[in-house]
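Dropping the structures in below, format is structure tokens.
Both complexes shown next keep chain A, but they swap its partner, so chain B is in the first and chain C is in the second.
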Partner chain A sequence: MPSPIATALDRLERTRVWRSIFRSGKGRSTLHNALVIQQSVFLHLFSVKVRKRMLSLGATWYLGTLTLATFLLLVVTGVLLMLYYHPSVPQAYTDVKDLQFVVSSGLFLRNLHRWSAHAMVFLAFAHMFRVFYRGAYRPPREFNWVVGVVLLLITLLLSYTGYLLPWDQLAYWAITVGTNISSAVPLVGDKIRFLLLGGHFVNANALLRFYVLHCVILPLSAVLFLAVHFWRIRKDGGLYVRESEPGAAEAAQTSTTEEREKP
Partner chain B sequence: MTPPKDFTAAVGSDMRVAPRRVLFVTRRTSPQVKLHDEERVQTFPEVLVRALLAVECLAIALVLMSLFFNAPLEGIANPTNTPNPAKAPWYFLGLQELLHYFPPIVAGVLIPGVLITALLVIPYFDINIEAEGFFLRNRQRRLLVSMGLSAAFAVFLLFFDVYVALPAVAVMAGLMLLAAASSPQSPNRFRRYLALRPVSWWIMTWFLFEMVVLTAVGTFFRGPGWSWVWPWRS
Partner chain C sequence: MPTMTTPTQTDRLETGYELDRREFFTKLGLGSLGLASAGALAFYYRYLSPSVLFEPSPIVNAGPLDRYPAGSVTLDVDSAIYLVHIAEGYFSLSAICTHLGCMTAWKPELNMIACPCHGSRFNREGQKLAGPAPKPLPWLKTWLSDDGELMVDRSVTIPQLQFLRV
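Let's turn to the complex of A and B:
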């Protein structure tokens, strides 16, 4: 006899409302499983089927998946942090202090956001080097590699703009050091710095600009490029497999010639 | 209805029987033919469940870390009080370390610009297409070139006092010597591995090595006035 939960779920999945939302229908057939992916606006970016050997941990170390996970975690914790934060001087700092000492779980929320941010930068780099050493950037995946480099830069900028927001000494001087470098760009260096900071020094204007970049412009561009990045995996023939790697290529060649030699 | 044919097809090499050859059947399989397709699984549920599990593990690790370690928060920003040293976030400390040796136009603009451009154009270079071991062909000449480049790079680093980047140069040059002296049939697994590395691997590994060293030095070994400090003595 099925459990009450299973019965309730079964009944729910038969309702008209449920069927109007999830069109894959009831059942666990190959077709139904394929429809789960194909009929979902988010999941349809991915292919319906994946090569079995790509499931093993060693194939990818799930680095791309984990980078995406940190991004989602950062969006959730970031939105919650936004509820307690004003991008103004000196309130920004007192808000962060309140998060540390007054807001329930505020300290945990900020910690999680901070450590996830470091994790995302690290994982994005790890993902890039992994893809490189696998040779997965080679044609036809060259454009997806470029999209990936753009995403790495967006990740770095996201982390960097977020660094200023607590408005403490660490934040202030890290941004001062960083933006001073942009003055070294020939001809337009000071103009770039002025554009970034909204002034000649790191001040309230800079905080507001970094806040808008951090909470609106950069996350939106990240989502846009992420969509292209995932969609291109499917369009470029799924996750890369070893075929064209040094040892594998030679091994495959010798085996096919052997097969050909057979009468 | 198909239109009536105005020709007859025949196969044969005898000109008297089949005056026109219309079809060639070769013995070999054409290279495009897939002899077997590899096994595939469905994204739902096989892949999605595994991905969720991986995400869950990472989330647990991050939550544990957040419970036990607090994010740093110093005093309120004070433009009149410069901390010494003023450090950027860790992933920029490699660049900040370079800034210590080179003028800002080189370390802050030229090097990052070249690096980003190099990353962007990697897949458009045909350099790695054959992906064969770098020292397997033209060994003498390639060894000469790579050793010459290593020596030139070392002199360049010495000229700008970038001593921290020198050990990595020595290690990479040593590995290249070892790779050139190894064959893909070597009984030693590590030497076999080195012998099969293509040129792109050498460039990227060298870059990664230097990047890690510079970032580590900037993070742990730099104190007031960007002077050298031992992290365990502070």
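Let's turn to the complex of A and C:
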């Protein structure tokens, strides 16, 4: 006798609405499992079949997953903070103070955003150390390492642009110093600083530019590169595990992923 | 089709032309795309450079001379300049550290200018004594207005030791 929940689920999966959304139909056959992947707009870029071992999150010591988790936390809390924050000189500082002392749960959300940001930078570095010392950057994964380096740079830029937004002394001098570093670029350094700040000093234009970079341009580029990063994991033979090393495979006299991938 | 001739190849052989029509249009298309991209780059560069800046004027009126007694170094925090009066005359220095742009401060007890950010030190003529600063503090153009007030143009640097003698 099936449980009532199973019966209800079964009935739901038979409804016309459900079947219009999930067309793969009922069943646990290989074909059905493949169709689930192939017919989902979010999953269809991935291969329909992949070895479970290759997607085991433990293979990255969960560091990649945790970095993604902090990123998602930052998106959610960041969007919520945007509802109270005005990127303007007279209001920015007081808005942050309001978030801390007036807005309900504002303190919690701001601190969550802040600690997630610190954690994301730490986890991205830890993830890269693991990939480096495990040798997981080696072919065929070398391009995904490059994508990862771009993601690290985007993470650091997100961290840096967010630093200005509280508009206090710490933020002001950090951005003064940081943009002066960019003016050390030969020939075009001063121009880069001028374009970054939208002027010669850290002022209203700089606040607005950093806000747009922090809330729109950098997160969108991060999502773009994250999509490529996750897609490449599967295309490069899954997450790196010791068994995928050619030597280990030969020793075990079993066919490895890399051999199977060869045409 | 009874006879398939390849006009492009014969044309090439006879006239020595490098391009057939397809290649010509491809190159024309790619070339105009390249031109349009260069134009777009210039367009965005211009757009991102503000045409009007709501920043304070680089020219500062530092007030009458008697505000600066002999032997004094005065920091004007708002305009980030030092006004110095020594035996040789008056001059003004930028107070922005040449290392990474922090505002320096005059330390009378040490008789030197010090930067709080990374520890650069300068003497009252702006020459570097210590720290990471790569250059001395720049001397700024200084003159007397018609009303006898000290004027400084922060956008114009002058050679060192060019005193304003009154």
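We take it that the second predicted complex is superposed on the first by the 196 of 263 C-alpha atoms of A that agree within 3 Å, B and C clash if a C-alpha of one lies under 4 Å from a C-alpha of the other, contacts with A are read in each partner's own complex, and residues count from 1 in each chain.
The rule we apply is simple: a residue touches a chain if its C-beta (ideal position, glycine included) is under 8 Å from a C-beta of that chain, and two chains touch if they have at least 3 such contacts.
Keep in mind the model is a prediction, meaning the values are calculated, not measured.
Asker: On the A-aligned overlay, A:Tyr62 touches which partner chain: chain B = first, chain C = second, or both, or neither?
Answerer: In the superposition, A:Tyr62 contacts chain B only.
Asker: In the overlaid three-chain picture, which partner chain does A:Ile181 touch, first (chain B) or second (chain C), both, or neither?
Answerer: both
Asker: A:Arg23 contacts which: chain B (first), chain C (second), both, neither?
Answerer: It touches nothing on chain B or chain C.
Asker: Look at A:His86 in the shared chain and tell me whether it touches chain B only, chain C only, both, or neither; answer first, second, both or neither.
Answerer: The answer is neither, since A:His86 touches no partner chain.
Asker: Just checking: does A:Gly135 make contact with chain B only, chain C only, both, or neither of them? Give me first, second, both or neither.
Answerer: A:Gly135 sits against chain B, while chain C stays out of touch.
Asker: With the two structures laid over each other on chain A, which partner does A:Trp173 touch: chain B (first), chain C (second), both, or neither?
Answerer: A:Trp173: touches chain B and chain C.
Asker: Touch test for A:Gly199: chain B only (first), chain C only (second), both, or neither?
Answerer: second
Asker: Going by the contact rule set out at the top, does A:Asn33 touch chain B (first), chain C (second), both, or neither?
Answerer: In the superposition, A:Asn33 touches chain B alone.
Asker: List the residues of chain A that touch chain B in one complex and chain C in the other.
Answerer: 173, 176-177, 180-181, 201
Asker: So in the complex, which bits of chain C are touching chain A?
Answerer: By the definition above, chain C touches chain A via 45, 48-50, 53-55, 99-102, 117.
Asker: In the complex of these two chains, what residues of chain B are touching chain A?
Answerer: 28-29, 35, 38-48, 50-51, 54-55, 58-59, 62-63, 65-67, 69-79, 81-83, 86-92, 95-96, 99, 103-105, 107-109, 116, 119-120, 122-124, 128-129, 131-133, 196-198, 200-201, 204, 208
Asker: Using the touch rule from the top, collect the residues of chain A that touch chain B in their complex.
Answerer: Residue list for chain A touching chain B: 30, 33-34, 36-37, 43, 46-53, 55, 62, 65-66, 69-70, 73, 89-90, 93, 96-97, 100, 107-108, 110-116, 118-119, 121, 125, 128-129, 132-133, 135, 137-139, 141-143, 145-146, 149, 152-153, 156, 159-160, 163, 166-174, 176-178, 180-186, 189, 201-202, 241, 244-247, 249, 256, 259-260.
Asker: Hey, which residues of chain A end up touching chain C in the complex?
Answerer: These residues of chain A touch chain C: 173, 176-177, 179-181, 194-195, 198-201, 203-205.
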